[in-house]
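Beneath this line is the structure, given in structure tokens, with notes to follow.
When the chains are written out, they are named A, B, C and D in that same order, and each has its own residue count from 1.
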Amino acid sequence: MNKVYENAEKAIFDVMDNATIMLGGFGLCGIPENLISALVKKGNTGLTCISNNAGVDNFGIGLLLKTKQVKKMISSYVGENAEFERQLLNNELEVELIPQGTLAERCRATGAGIPAFYTPSGVGTEVAEGKETRVFNGKKYLLEKAFDSDFAFIKAWKGDRMGNLIYKGTARNFNPMMATAGKITIAEVEHLVPNGELDPNQIHTPSIYVNRIFEGEKYEKRIEKITTQ
Amino acid sequence: MSLNKFQIAQRIANELKDGFYVNLGIGIPTLIANYIPKQISVVLQSENGLLGMGPFPSKENVDPDLINAGKETITTLDGSALFNSAESFGMIRGGRIDLTVLGAMEVSQSGDIANWKIPGKMVKGMGGAMDLVASAQNIIVAMMHTNKKGESKLLSQCTLPITGLKCVKKIVTNLAVMEISNNQFLLKERAPGVSIKEIINATEGKVVVPDHVPEMILN
Amino acid sequence: MNKVYENAEKAIFDVMDNATIMLGGFGLCGIPENLISALVKKGNTGLTCISNNAGVDNFGIGLLLKTKQVKKMISSYVGENAEFERQLLNNELEVELIPQGTLAERCRATGAGIPAFYTPSGVGTEVAEGKETRVFNGKKYLLEKAFDSDFAFIKAWKGDRMGNLIYKGTARNFNPMMATAGKITIAEVEHLVPNGELDPNQIHTPSIYVNRIFEGEKYEKRIEKITTQ
Amino acid sequence: MSLNKFQIAQRIANELKDGFYVNLGIGIPTLIANYIPKQISVVLQSENGLLGMGPFPSKENVDPDLINAGKETITTLDGSALFNSAESFGMIRGGRIDLTVLGAMEVSQSGDIANWKIPGKMVKGMGGAMDLVASAQNIIVAMMHTNKKGESKLLSQCTLPITGLKCVKKIVTNLAVMEISNNQFLLKERAPGVSIKEIINATEGKVVVPDHVPEMILN
């Protein structure tokens, strides 16, 4: 069994135009930097990206927007990105906005074989338009459905050769659910370690979800808002 | 004299109780962390995956892998826990957050809140706000009583696209503390030196004024 | 904020007759031994217990069956217990059997504010009787609902005074989901440690779910089938 | 000569491929772990919360906190991962298990399986079986061809309450390897020395016999 790839480029060899890709991260925290760079280089177009945010102008998914590789963003919050705004206003980009908790739960449902679930989030709002509502115990809920995603691009702190992953800090965010939800899940890690080095009690993403893994060449880890005491 | 945003935060801090798990939205709510009474202990949730949010780091301790929901660098505390976004919103929807404080563009007298979208302007998204307002048992809105044009933000009905229905329990503004009660704004407290008339004039929605409306106490 | 109780007896002071209680554990592994003993001593009757299994004759939930405190068991597998069988055949005990994955997911849904979800498990079987079925992407699913549970009795390996929990080995099983699902969640731990001793990255159950915590007096940890090389 | 249960396990082990994640049910399926070809690596899932199930422990290493779904003490391996039951059945329903091997009381020619309940007998419960059969892409049943009374367990229709509909892909018994194909049992292999007639006689459901039915090869 070999899941280890030499680098991002090799790991994304079969990504096709018009693919749907989930990308982990919250803001610029915990994003798959090397996979994004490789995807820019590979140049696939017509992509649908499922990601909580859309990066900033010169980093993260912003890089894929600049090269106009993205057809549609499915996100909960897309501020902080002038190029994004320009494309959106010019109808060069589709955007679907989803409440953050619903986005997270839909990713989880996808990986957990749950085709649909009910949630209170968005009841009575624009988000509810066209969706089934249903009352349970006197409270209204919306029916939300799982995604269908060709790939998941994941960033973890440490990973072993089998694909077990451990995240650090709030860089965990959407990565674990998305890892379960890709038809092909590709993980980049800061430290690729031998099997047996990670404590089985502390694995955040079990290896079964990870199809490919590689150690990222470098991590810039740009910070959006450096705040200090 | 109407309150500034720091004083609004200070007033809301009085609502905190020992042992509360609290989610503070971006803007005025974030400031509340600075006024937590010393004798109580509350746990701050950051919905990107942290319970037990600590203060900003020293310069040497800035960690790009540790940010809050406003994307600011932060720290953890003894007893903190980190988790993924599904778990985070699970605890939110599950009703485990004792108090949620949010900013708003409009609140209606039935407790509807609008704080995510202005038609005609670039829409950035609702982030976690719709999940928070749909689930929290105890929501306080922190905002200015009127907008930059001087128009009331406390309305009979929201004019902007709403974030959640009938969810706000209490509103603390620069002028007053109001509670939602029977589809009305029940005036509970006034800012020091602010008259009841001033508050009524600044409120488009229906205000109920009890016999006694004390001035706010800011500890 | 004090969540720490002296012992199991004090921690269950307000359990009432006819309460619904979730109990963690798989077989005898990871069961809340001290809470069960205290409940036997307290003597509440008419209990509904939600637990994957029903213990053995002289241990685990079997102890509560012997004292006839249990009105109903909601479980996925209830073998290995002669007294259980006797009560069941004499109609002294109600039993609701649920597929294990559905049981786990219903517990999770309860804690996560999801009132209902669709699952493929049990379609076309007795389990589907009286339940809504629905087709998503050409496959049939059942609608399953969240539970309503007064208490959750949880066993963890380590816990801090705020209520953060870490489990060990396969003693984790149902404990984390049930911890999220009790109106009042009571955790017993082998080691109660000061806040700050547990790595925030390694917490399995965040403190927000735990209302009460205590260090168990002793742990017998009986093994159902000792198998060695 | 019909196979014993060890040989059935041995035959099914040939179905394993390098890199497979496998769930082995209680009974004959459990024995398969002893016959995994040396040149491949497979990961065993135990649905109570472990990927990478190792062998039974030595006496000194017995750990009550480490058991398999059959409640037997076990060990972990390098690369193992532990998780909770919701995660475990998430990966099962999510279709991440490459091969599931289960015992059965009955299998129908349409691939229905019955293995959890006998009316009139004490019902112990379905455990994880219904989740496994509802979700797995690749299910092999390991069982004896006939029950203790000599009655066929490969039927045109199940008589017992079913565990799952149209889910079994392949059946390996003491007499034969069968595949479910067009609502029929397609005979793929015979046990060494067992005649096609013997197999047909032992099968109540409809059997399709191709021109060539090789003997099983047990490595």
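Keep this in mind: a residue touches a chain if its C-beta (ideal position, glycine included) is under 8 Å from a C-beta of that chain, and two chains touch if they have at least 3 such contacts.
Just so we're clear, the structure is a prediction, and the values are computed from it rather than from any experiment.
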item: Any chain that touches subunit C and subunit B; value: A
item: Centroid spacing, where centroids are CA-atom means, of subunit C and subunit D in whole angstrom; value: 29
item: Between subunit B and subunit D, centroid-to-centroid distance (C-alpha), Å; value: 56
item: Distance between the centres, which are taken as Cα means, of subunit D and subunit A, whole angstrom; value: 36
item: Junction residues of subunit B, two or more chains touched; value: 50, 76, 82-83, 86, 89-90, 92-93, 135
item: Where subunit A touches two or more other chains at once, by residue number; value: 105, 108, 112-114, 119-120, 167-169, 201
item: Graph class of chain-chain contacts, one of line, ring, star, complete, other; value: other
item: All touching chain pairs, where touch follows the definition stated at the start; value: A-B, A-C, A-D, B-C, C-D
item: Complex interface listing, subunit C residues touching subunit A; value: 105, 109, 112-120, 134, 136-137, 139, 141, 145, 166-169, 201-202
item: Contact footprint of subunit B on subunit A as seen in their complex; value: 26-30, 52, 75-79, 85, 88-89, 97, 99-105, 107-108, 119-127, 157, 167-177, 204, 221-229
item: Contact set on subunit A toward subunit D in their complex; value: 1, 3, 108, 110-114, 160-162, 164, 180, 194-196, 200-201, 203, 206-209
item: In the complex with subunit A, residue positions of subunit D that touch it; value: 18-19, 21, 40-41, 43, 45, 50-52, 76-83, 86-87, 89-97, 135
item: Residue ranges of subunit D touching subunit C (in the complex, touch as defined); value: 46-50, 55-59, 62-74, 76, 82-86, 88-90, 92-93, 112, 117, 122-131, 134-135, 161-165
